[in-house]
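Labels run A, B, C and D following the written order; every chain starts at residue 1.
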Amino acid sequence: MPSAQKLSLVFSLLACACVVAVAQPSGRSERPQGPPDSDEQRIADLVLASRILVNEGVLDSFGHVTVRSLKNPAHYFMPRAMPPALVTASEIVELDRDSVPIDPQAPRTNGERFIHGEIYRLRPDVQAVVHSHSPAVIPFSITRERPLRPVLHMAGFLAERVSVFDHRNVSKDDPSLRGKLMVNNAKLGAALAKTLAGDSVVLIRGHGNAIVGSSLPWAVFRAVYTQLNARSQMEAIALGGEVTYLNEDEIKMHSVEVFDVERPWQNLKSRLPKTP
Amino acid sequence: MPSAQKLSLVFSLLACACVVAVAQPSGRSERPQGPPDSDEQRIADLVLASRILVNEGVLDSFGHVTVRSLKNPAHYFMPRAMPPALVTASEIVELDRDSVPIDPQAPRTNGERFIHGEIYRLRPDVQAVVHSHSPAVIPFSITRERPLRPVLHMAGFLAERVSVFDHRNVSKDDPSLRGKLMVNNAKLGAALAKTLAGDSVVLIRGHGNAIVGSSLPWAVFRAVYTQLNARSQMEAIALGGEVTYLNEDEIKMHSVEVFDVERPWQNLKSRLPKTP
Amino acid sequence: MPSAQKLSLVFSLLACACVVAVAQPSGRSERPQGPPDSDEQRIADLVLASRILVNEGVLDSFGHVTVRSLKNPAHYFMPRAMPPALVTASEIVELDRDSVPIDPQAPRTNGERFIHGEIYRLRPDVQAVVHSHSPAVIPFSITRERPLRPVLHMAGFLAERVSVFDHRNVSKDDPSLRGKLMVNNAKLGAALAKTLAGDSVVLIRGHGNAIVGSSLPWAVFRAVYTQLNARSQMEAIALGGEVTYLNEDEIKMHSVEVFDVERPWQNLKSRLPKTP
Amino acid sequence: MPSAQKLSLVFSLLACACVVAVAQPSGRSERPQGPPDSDEQRIADLVLASRILVNEGVLDSFGHVTVRSLKNPAHYFMPRAMPPALVTASEIVELDRDSVPIDPQAPRTNGERFIHGEIYRLRPDVQAVVHSHSPAVIPFSITRERPLRPVLHMAGFLAERVSVFDHRNVSKDDPSLRGKLMVNNAKLGAALAKTLAGDSVVLIRGHGNAIVGSSLPWAVFRAVYTQLNARSQMEAIALGGEVTYLNEDEIKMHSVEVFDVERPWQNLKSRLPKTP
């Protein structure tokens, strides 16, 4: 699907989300059973989200999760450059719309913060972004004939064929970007966000993926189930024969957030190793 | 095998089970070494069964196990809508033959309780049901040419070719069900139970499976070994060449409950993380 | 290789082992650095061996390890019918050459003790036997075109093509054995031992394997590395192209016990979860 | 690429490394944020490196890591013959340029120390060497048509096609080496080092690999990411279709040590089980 069409789809989905919101008693909140929304709560969830994604094998020594600021929606919160397993609330940095730290004394930030900043710029509906090197998803980024596609009912948030961002498409016209597999400047970040368009997930060739959600629990849930879907699809392909993917009706039914995200969120939290 | 034939097979197997029972000193009880049967004991086992299946990687944040009531065999016990890892005895809800909670003040129940309720209705021999998204089993639900089949001597309870339930077969005649991958109403539950027929296991396309047993330990055992059989079959197929499946004689010999289920049950219990 | 040839090979290997023994200062002992050999020490090692093989994913709720008696080499020691993870010294039963417990009050023994008893009868060089359902090895038992073969330098103890025992070869002439995947009588045990012949490992179709050693540490080491070899061979086959197996020279060089088995034994022991 | 060309490449890379060093404020140190370099520090890191590589599934009961001596760069430090999980500082032996222990009372050393000694001899730029049997990497050593190639942006340190050392190339002209899969003398060690040439990684057919780095953290990082790259490449191949490998520009950009190695090093340390 061309990007323009995808973007127009974002706005239809946003409109659609409003209808769903109206139909629900609790209005805007995406986490009816969760604590009240605030920047303090988002930062606390961000620490949990980092540790959960490490515990579920989505994040390694690198990779990062961020959350949009509630008070200033042009800004977002991100851990400083450090292993996600070790993040605490005091390691979180506030970045502006151009991914520049608000505090000039801020510690060193991740070179790939532009993945997050440029997605927040393009997608007002997105509240949280995960960038990971999730191993089960990587293979689908390096075989052009086999796109990642939804096979699981819990993965209806995946596009019918998940897009793959490849810097070569950008760097072929800009020699200064040649060979750059890292998305560590605004130009590459914007090109990645454009490839994501209105979807939930975009793969990054030979590198990883970026996954968005309307809250940290949703983004975390999607990161975990993108990995599960990838593994199931991979194993089904290895069995041979034709794979049955979700069809348009099924994706439409299951792309909507039809269940209570507090359930996986509470479960994933309970799986964290106890801190002494 | 057509469903009618399958159902007639159920009753033959039930008859056959009686013969086996006669041949055994301890009569009706399926767990000669276990504690005496009672609804309290069944609820205690249900809590263990939930935690065991999480610990063995069969259940994720979702999925559920249930047990039929001994006192009122038309009813069954099921955890409220919550992660199975966190279930305690006080979270168990009693549901009637139509999957309606007995207690009007009962907490919210799982949307997919109809999987259980409709199987209990059709299968008087079934005392326990597991519904999981067991990852190793999923691939066999989404490749039509490769049915799950028994390859392991401990998996003789699997049908020669395990059936796959696909809602598309139902929803093609009922537009209100279009796209519904969740089995969350009585009509879909009944259709699933009919596909299961007299078997032990039925797959649910792009979603998971339902597994039944004559007790919680048997249902848990089967859920664990269905997963192991799936993985072995998958790996044998990947090796190439022709796979040797259990033949009719072997399935007949091993579909009967020929060993003491207390052995895996005690072992799986001992593997649970110690609660502090 | 026909069985007769294999058996003659056993005796050549035994002769060869004597030569090696002569060349070593410490003579007969297979564990120069281990504690002095005695039945008490063998029983203590047997408890460790059971727990190690569970911990390494070789044994599940079933499966068993045994050791020959030093005092009465026609007898062997085996845990009673119970999960191997939970075995203690007081659960060990002494069995005679026909796999009958010495003590008429002995607790219930495993139905498949004949695997061990018949191997000890045929192979005087064998001091320990492992029977497992090691999942990585199973696929090679159910695809006739893909025998398990040594690919790892630590797996030189594997025959060039590991034999597979299939009860169908026996039961086709004996209707009373039809469908019996369990090796739970003397006739099937003897047929299995004959298939093993002079090798270290024999697979059992759709069921598992039996692995022998000149001591418990050697049998445990081989069980762990048979599993690793199986996984590597499986993955190499999945890569496509021709696989390079160990050649005759390499097998000859590495089938001999060229390193100190105390090293993996100490390591595998250190990996056991601490008992409280 | 022929070895001669490879060796000339080493020296170009060394020259290039100097340029990078000049461009950095901190000059020679490879670990700007780590503790000051000394033999005591290297030995402490060596203990950590052994335990980390066991914890990440790279090392089993065998395998070893070593580090060059800072005081006497012709020497190197290596644990005595023992399981890498159990190494402490008091188990470290100093070896000379011919892999002979300095202390005539030194405990027994590993037979395969020549892998390390001969690489240190040929490669003055190398400060640390890992020799492992990393299971995910083995398959690429036993299928000639499928070389290990970089697919991950974190694995730009891999050569375009990673070389495989096979003793058969050496032993075909020297009958005394026939069948020797172990690299346990100087001749085989030198032949292996020559196959490694100027690369970071060399596979050893049917056995494992050797991985080098400019410090222990770099060698450990590379060992972990070689394993991740192998698994991703394997799974991409299993998906079918053409795999996109890193191209020359990407390898050039990412073979340089472009990020702070303290980040994975701190993370991998934090993952170690706590010692009581």
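Everything that follows uses one rule, which is that a contact is a pair of C-beta atoms (placed from the backbone, for glycine too) under 8 Å apart; a residue touches a chain by one contact, two chains touch by 3 or more.
For clarity, every value in this text was computed on a predicted model and none was experimentally measured.
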Partner chains shared by chain B and chain D (touch criterion as defined above): A, C
Same vs different contact residues, chain A with chain B, by half of numbers used: different
For chain C placed onto chain D, the superposition rotation in degrees, Cα atoms, nearest 5: 90
Chain centre separation (chain B, chain C; CA means) in Å: 34
Whole-Å separation of chain centres (CA-atom averages), chain A against chain C: 49
Overlap residues in chain A, where contacts from two or more other chains coincide: 238
Every chain pair meeting the contact rule: A-B, A-D, B-C, C-D
Residues of chain C touching chain D in the complex: 151-154, 156, 228, 231-232, 235-236, 238-247, 249-254, 258-260, 263-264, 266-268, 270-271
For the chain B and chain A complex, residues of the former touching the latter: 60-62, 81-83, 85-86, 111, 133, 135-136, 138-140, 142-146, 166, 178-182, 205-207, 234, 237-238, 276
